[in-house]
Amino acid sequence: MVRHIRKNGHQQKTRIDKIIKGVLFTVTLFCASIILFIVMFIFIHGIKPFVNSYQVGEYWYRVNFWRFMTGTVWFQAPNVYGIGFIIINTLYVVGLALAIAAPVSILTALFVSRIAPHLVGKVITTVIELLAAIPSIIYGLFGMGIVTNFVKNLAKIFNYQSAGGLSTLSTVIVLAIMIIPTITMISIASIKAVKRDMIDASLALGASPTQTNFKVVLKSAQSGIFSGIILGVGRALGEATAVSMVAGNRGSGPTFNLFDTTRTLTSTMLLGLKETAGLDYDIRFSVGIILICLIFGVNFLLNMVKRRLSR
Amino acid sequence: METIFTISDLNLRYDQNQVLHSINLNIYKNKITAFIGPSGCGKSTLLRCFNRMNDLIDNCYIDGNIEFANKNLNEINPIELRTKVGMVFQTPNPFPMSIFENVAYGPKCQGIRNKATLNRIVIDSLKKASLYEEVKDRLHESALGLSGGQQQRLCIARCLAMSPEVILMDEPTSALDPIATLKIEELISTLKKDFSIIIVTHNMQQAARISDYTAFFLLGEIIEYGKTVDIFKNPKNKKTEDYITGRFG
Amino acid sequence: MRKIKDLFLNVITYVSSSFGCLILIILLLFVFKNGIRLLDWSLITSDYHQKTYQVNITDTKNYHLGDYSDPQMEGVYYSGVWGIGLQDDIDRNNEKIVTIRYLAPLSPFATIAKLEVGYQISKMTMADEMGNNLLALAKNGAESMVADLDEAKIITDIIATSGGGGIRGSLLTTLYLIVLTLVIALPLGICAAIYLHEFAKQNQFTHIIRTMIDITTGIPSIIFGLVGAIVFIPMMNKTIQSSGGSIASGALTLTIILLPTIIKTTEESLKAIPNSYRMASLALGASKSQTTFKVILPNAVFGILTATLLSIGRIIGESAALIYAVGTAIKDSVAINEKSTSLAVHIWSLMGGENPNYELSCAISIIILLIVGLVSLGVKLISRTINKTEVK
């Protein structure tokens, strides 16, 4: 009698296990397929301007894809949109931001891990962690309040009229500030992971601590540092709020002048959202497709570079 | 016989833990001196005193005197000291660079930029380390692609490129296979001509094979020091005899 | 030569490291200096939109003038004739206003015009005994307004406002968003983490699933906003009768943003649980599910707590996604099926447009920074507690 009950109990347990496993599996599948949904929906909606016709006034229009990709003006009524120059401006701004942020981050990481006394290192690490946690809207606010004023005054020194400080330079500065914490934190971890052995060998050969740091430590940590850079670049390309508040959303381009206003893919998507409908709304999704492609493309390229470096 | 290092009354402790007690020792020029003894008795710690690598450890306190070529060690700039006293470590640790770059590292740090000079130094050092023939066709490939024994000879070459007066070796063959070990022992014997070598080893047979002088360490003290032949054939101290005959350690 | 090079490298290293500290200090100074003036309890509890009242006091039979006692308040200009005390002030939009600081109980301002202490008076049109018109504007100050009042017999037009610039609506919205998102996202994320770590076989398929979840972390939040706009807004429109964006659609959008983080953090804490627990439980005859829910999950509490805190921090700071998935209309009455703004989007609304309001934005930023600071502190404390128990 007792054995009979126990056997049933086992069967029940196994059945419950199977059900629960099934439920959990479904949930997991759902979570994993989010990326697919994202790509699919944005693609479907973003394709519309090129495939469907929109009514503007009396006529029906489509947007020409080639002119979209190579255009130097964002909008010309009634149906000409161009993001060619925006892509260039985006890469330009992110590239400059990286040129500032990468050295600062790597040197800060070196300082914290190898040079500074323990307490100072902890303080700076906490400062970096705090900076990493600050939301982008506050960086945008900071950009509008302080950075644009700084750039405006700087432009005066160069006798250049800037649009109240909204400029490429402001965007570059704000982006650099935002990606420094990311690159720094990963670099600190990579530098700390360099084997003591390697450092001792360098010192035993008569190299100074500074020479050891720059020639051996950084070289050993370079793979990790590069990962941090890739992460930072991804974040900069996708940053929308802060950039929209300081860029100025220039109508045409591309422009490489630091004091000119500029426009990025993300600022294009975000600004002017209130007064949009129809074609103007849908074209933002097309910009979204291009943004996703750009981020994946840049990521892929940088990862290839990283692999070649570590050989 | 010329003395290159003189140690008088050296005491070393980590915080309150005393590791070396009243060490008195003379290291002779152009000879191979071996430090033997059971593990943890301070041999490597003493070795690291010779090139002031212990300075890098925060809680290490040293009392006593070490003289290098009749100059107090503390009065010599440590970076300069390390160009004259080189070190080879237990586990081969080549830098993640090419073979050429590894050997050229030391001279470059000293400011030597001339390509022809660097080339000559690298080839010379690799030859002296008995490695040149094996790597001459791949000098610009990564050093991490070499075998363990080759890597250790590379580290020796790297050290030789600095033309030091003394080479310190901390159990250089304990991580290698017997064939590689043999090659390196042969190498060490040839190096004696131009350099003074101090080698820490766990392997008594190795000490007996290659060294001229041997110091036996136990619990941070030197129990006996003298010519290798004497130590191994006629040890004066019973503890030395016990260790050599394998009764402990 | 080498020494000069070394010195140069050292100098630029020191300079670079102080850059980060400098930026943090400047940023905090900026935010606090501009925002601290507005930071008080009423900011949190009042409405954003002002209520306007237009009244008059003309029915001379129902009130009497003169000799209301002076409460002698500092800085307040008092009209003994009408029993009202006015003070100069600056509102949250940085404009000069006149605030009612005192009302005698029988003052016609209280009994007939039904105004209250704390309201602002923008404009008053009055007439004195001779029938001359007097016009008092807030920008001319409280003192002149009171002087005019003392002459006046009737007031033909009062424009008064109350409230304004408060963030109660946005604060409530943020709270709703946090709770709603966590209620949906935490269970989903924990389930996925449990499946991946406890149940799934480590084969190619699982690897693909993990990679797909990982890729999601590299997507910028504005893209999630786009998805929310075309998927969740119509979905909510049909189900809970919202029109356009709603807190619900925002919460769903935030869910898909946070899922990868929750899954990763929870999985980390699952990894830290020693396998011996699982073995012991199974050896006692418990089923896999029983082991998971009775033994494993309770030990993963710290990880789940960390995931919760990280999510809260992320939700508070999120702006771009919510701008698309919810909207930018600042509201005072908040409902889940209606549009509203979170604190971050509130700042966006304030700063867009022609008159950016730095002070109010900085005040809100102080609140956001405080919450983010507390969240970071919480996460650090948890990780320290975990390490202590592990070391034991």
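Order as written gives the chain letters A, B and C; numbering starts at 1 within each chain.
Operating definition for what follows: a residue touches a chain if its C-beta (ideal position, glycine included) is under 8 Å from a C-beta of that chain, and two chains touch if they have at least 3 such contacts.
If you're wondering where the values come from, they're calculated on a predicted model, not measured in any experiment.
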| item | value |
| --- | --- |
| Closest chain to global C-alpha mean, per-chain Cα centroids | A |
| Result of counting contacting C-beta pairs for A-C and A-B, higher pair | A-C |
| Interchain centroid distance [CA atoms averaged], chain B/chain C, Å | 65 |
| Rounded Å distance between chain A and chain B, as computed from the means of their C-alpha atoms | 50 |
| Intercentroid distance (Cα basis), chain C paired with chain A, Å | 25 |
| Chain A, residues touching no fewer than two other chains | 208, 211 |
| Of all residues in chain C, the ones touching two or more other chains | 2 |
| Numbers and ranges of chain B residues touching at least 2 other chains | 109-110 |
| Chain C - residues contacting chain A, complex | 2, 6, 9-10, 12-14, 16-17, 19-21, 23-24, 26-27, 30-31, 34, 188-189, 191-192, 194-196, 199-200, 208-210, 212-213, 215-216, 218-224, 226-227, 230-231, 256, 259-260, 263, 287-290, 292, 313, 316-320, 323-324, 328, 344, 347-348, 351, 356, 358, 361-362, 365, 368-369, 372-373, 375-376 |
| In the complex, chain B residues that touch chain C | 109-111 |
| Residue ranges of chain C in contact with chain B within the complex | 1-2 |
| Complex contacts: residues of chain A adjacent to chain C | 13-14, 16-17, 20-21, 23-25, 27-38, 41-42, 45, 103-104, 107-108, 110-112, 115-116, 124, 127-131, 133-142, 144-146, 177, 180-181, 184, 208, 210-211, 214, 234-235, 237-241, 245, 266, 269-270, 273-274, 284-285, 288, 291-292, 295, 299 |
| Chain A contact footprint on chain B (complex, rising order) | 51, 53, 56, 79-80, 82-83, 86-87, 89, 91, 93, 95-97, 105-106, 109-110, 142, 155, 158-159, 162 |
